[in-house]
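Paired with chain B in one complex and with chain C in the other, chain A is shared by the two complexes that follow.
Our next item is the complex of A and B:
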């Protein structure tokens, strides 16, 4: 058949825009979507920079006075700082002269001489910090940046893992139907029949107490994704039920494509927009969930900071009128979550082949 | 208003659609003018994209928001310009004086209300009737559109009715307020031929009885002759020709009209190739007068033999119960090498199930499928792989049967990779390009996606995909039914050429009797899962033995045939 062919095999690079490229073009026309994308990318860059130690690596140093004012509120009275200062002064000044009864009194002079030889530099703690300080005088701005690292990482990676679990299980249930579907539906029902917070707390209790899932933020990622896959499972399963009987899948069967090929090579790209949109919604949800977990004390370890731990600290500070930590963590989260949600909306519009 | 003045005058109607900010608006209707006289039926005929439906929606004021109507356009009705009538006034007129029937009765009726209530709603809204009165009138209307037992059926839900009955209900709703103009947008396209005939008769009878005007929109010139007084032929937003039905059928002046009339396969002739639009637009006209001989003989080599094929579907009922729904019962036939077996029947006759079961896309519940003497149904999945390649299928809907996320190249290469056809990737690409040219597509299509092609081109891609595996048997499941008349002719010609070239055997499944007659050597008529009659195609059309076959043949729209009788 090919004997009479004199043409080069690949027709010169005349590539048509694929559906992804078309989606990107549609997204570019969407102003809200593009602004949200810029914000999200900014947060991701900030998070990466913080992870690599380029910014906010010194977040845990106590730079300012306790509850240092934000620089735009420099004049405000800071009772806590004053109280601390006085306490410090009081600690330094010897309260009573005991030299006549103290047997060691003759040696004080000698000790003082010696002490002078050792340079003691007392860091002058600044009165104000860009976005204020916390109880120990740590920079809230740096905390917020460092906190984004944990929050976004937890949000994204648990969303990815949950999407993966949900998509694979949903694909199996929807494609095979029958017994596989029944089994997975029972499994799914077990998860959804337990109140969500209770389920998370149960998982978290196991994960943190046994320590089998490692330390740090890994258990949180696992807890969130192992409890959160149910929503996407449901959606992907529905899509697969719909697509499994489509003609293009039948056509693939007719040419002899295997079940795996049909499931993941043929159908998956056609339902990927559902998974992708769900992924971004999950990211938003899990960022919030991490906050709740940390707030309840099941979150990140004490030597780390996340927006959740910041919010948890903020509840005590708010009583004495120190609102900036709450504002910094809350605002960063609100901006990111809003941008992410809007981006999700735009993505869905751009990716849905039916809207073309 | 005097009796002579037209009911609706469409003057210089020009509609564009804004697509997005950058590109030019799409020009859907390019300044058309025609009249709808009182007490007459006007047929608006055109292929997809001709702007016929858009024009009708403009009369109803139901254009989508991105439509731009040129300021010079007018649609005059009763002294008013409908394009500029205030919304409230349009709501008053719509449904009362102008009403519409859509193509899909299934989606046009609300599934959660009984049909009587839906008809009653129109009456209460526009005629100010009470509930009781509306119900009584609904029964009358159902009786008028020919629904048996209207007193009982008035409380039925749409899903309890057949497609034809649903369309009757839609018609009852449309005529409930005695409209002056009934717009019927492809009302019979989704229905079986026998039902189509009944609905056409009903619309014609109602038109006469109520002395209303009907604007009948269709892509099929065949049905026009049955009911229309005047015909308007549209192509790409322009009117090609308009006139009385006799004038159009007998003396078509426009090349496009001539082509439309000639492209449809006809029952009395079978040219070697079907004429296509291009033949006429280039002015060549009837070039294929040579007749093709069809039929089978006892000496034909049999490639596929189906014996007593059974297929029963099981529906779940209750918690553990199952209900058997037999779809195919005891079907036997033989397919000769290089010949075509046509399978005709109405929806639900099991003709598609036969096709899918033969190639094991459904598992059969009984019987044998002998391919070169081996029973395909008893093979394991692995053994079947070798035969998969040799029996291929082309589906009805070219928009659904190609994976939208694959390029044409991937679509063509995948089967070759699976079956190890071709030495290496380079040879496969060569073969794919060659096949693209063979089915009449440019090589540049290789890197394009299915959505960049029209329906006919997509069907060519689907055909090319089958050809990559060099099959022996090709099952065409309504493969040309979704295509426009002119494209249909091109694809049928392609299928015929391929059969002549590669000696392919076809199982050609269709509800379209004219197409089946044209392409088949032997015809099998199915009804309710059983074979009603099987004979050579000329024989079965000339001398049908069974009552059911006769009924099917009688319901073929006679309009075109009548015109042709006049013409020859």
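Our next item is the complex of A and C:
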């Protein structure tokens, strides 16, 4: 009895720190987690800046020579650019004189004069670019920034959508149980009995062949989220089963809270940390999936750049010794994915210290 | 036990029906008229008319569904839309190369991961443990694509240790000459995540009471790890291998695309590129059925690994 009395009674009006504040405090002491958070936030800021057109908006302009060398390798020989130049020169050289047989010969002068009136500014193509150039002389650094924007955006939005689908379905199955649960479990079993990659490719086949999933990056976001919601559904369902009969939910019922209000106002905040950790895990997975799908040509459209399309170009470039596009896309992806994975681990530790 | 298996098979029926329904909705309803899908891909109007007749596009949806169900159970999906090859023939001839790559991958990866996981769990908490875990995280964050591009270039193109790509008629030549580089790549990439996972399985067991009892009665640490911990950790490992097993039939489509292995994975990718729906439909449905059967087999195998499991 005395042991219980030892604890001071809670002071009225004193706020005990909530789950999120406690988690934030734990996260702040996690050095790896904080460094990862900084890197992830940096990438997100870069994505926003690039989306708003502040950086890399001119990524598609051909500023350098073909396969321009990176600035730190300015002296390296660039056979491809030389070959290009020679071809361009050969095209400009006066053709063999055929004026006696060519019926159009008398009009060439007139056309030439007319062509001269149109101002053509010959762009001086630079020999080097900060991180080198691709086949068309586009700046690899700018491509990598723009590619990060597209890849991260696709990863984040598909993860958000998948989390939304999984959470809503999981909430319904776990809260209602019975017939609703049976139906949703049937649905879940269908999706999980098909090997994941086949499921993605089946959806991608319909999306690319019919164009019914929309344009731009919408199809790939839909394909990834419609196939990827199952993991989070299972976790959220288990949480709802656990919470549905707790006292605070019964109390909410007693004061007349509706089913929807109990599901999404009372229980959801208490399970949202599970959803957050999953969201972060999904983002990593979907970024990786986007890269592979775009590489195969089922991802972002050809007029956009993502890490996947960069790697698709890099495969052929590597053979002729142009490694910078591979390095730029591969490295920026590796840095983000490492940081995101470590952040996910730290988030889980911070939000659920029991798991440690 | 027989009753358990029969009940499980009985429970599979609604799921198989659901898979058929999902694929039907996806390809026949969302996918729509093959005449539109194939516009620009097949120029011969007779051929398109023929495909439409086979699918029963002009008939109500329930008739189309019945046609599809019949196709599934008679193993007759007709012919590929783009190559006119029998779909059943495509599947049967492409499974071999895929298994030639994926079965060695499965065995080597599982063996190496369990071995490394035991070693790392043995030295848990030390600097080695932490370094290995960090190395795994970093290794996992690099895209599989980058590994394939770099390894194929390095070992095939620059060093010339392995053929850059290719496949032959002879099984032994494939296994010993063409398959080693793809197998090595898949093992290299597969070990990191599995090692991490299996290490956590071992660590879960190490903190159990029976381990403390074993130590208290004087069993040496090696014996504790190999006899007590290993046997119990093998149960979740078995589950994990069971989950990965159906994937063996799909293969790593990226490896097959890069190394021109004429396997199922590459076939599916080509089919997606050419909107060759019959091939994708058939592969998806049958692999779903194979997955369910394998899951059942894994569950039955538990009984032999873990005597505590009883079939209810």
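Criterion: the second predicted complex is superposed on the first by the 295 of 356 C-alpha atoms of A that agree within 3 Å, B and C clash if a C-alpha of one lies under 4 Å from a C-alpha of the other, contacts with A are read in each partner's own complex, and residues count from 1 in each chain.
To be clear about the criterion, a contact is a pair of C-beta atoms (placed from the backbone, for glycine too) under 8 Å apart; a residue touches a chain by one contact, two chains touch by 3 or more.
Small disclaimer: the values here were computed from a predicted structure and weren't measured.
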- Looking at the overlay, what does A:270 touch: chain B (first), chain C (second), both, or neither? first
- Comparing the two partners chain B and chain C, which touches a greater set of residues in chain A: C
- First, second, both or neither for A:204, with chain B first and chain C second: second
- Message: Touch test for A:342: chain B only (first), chain C only (second), both, or neither?
- Response: second
- Message: Going by the contact rule set out at the top, does A:260 touch chain B (first), chain C (second), both, or neither?
- Response: neither
- Task: Go through the superposed model and pick first if A:246 touches only chain B, second if only chain C, both, or neither.
- Result: first
- Take the contacts of chain A with chain B and those with chain C, and give the residues found in both. none
- Message: Looking at the complex, which residues from chain B come into contact with chain A?
- Response: 20-21, 356, 359, 361, 385, 388-389, 392-393, 395-397, 400-405, 407, 414-415, 418-419, 422, 426-427, 429-431, 433-434, 443-444, 446-449, 451-452, 462, 465, 469
- Message: Can you tell me which positions in chain C touch chain A when the two form their complex?
- Response: 14-15, 18-19, 21-23, 26-27, 30-32, 36-37, 137-138, 140-146, 149-150, 153, 157, 246-247, 249-250, 253-254, 257, 268-269, 271-273, 275, 277, 280-281, 283-284, 287-288, 291-292, 295
- Task: Within their complex, state which residues of chain A touch chain C.
- Result: 186-187, 189-191, 193-195, 197-199, 201-206, 208-210, 212, 288, 291-292, 295-298, 307-308, 311, 314-315, 318-319, 326, 330, 333-335, 337-338, 341-342
- Given the complex, residues on chain A that touch chain B span 1-2, 4-5, 7, 9-11, 14-16, 18-19, 29, 246-248, 250-257, 266, 269-270, 353, 356
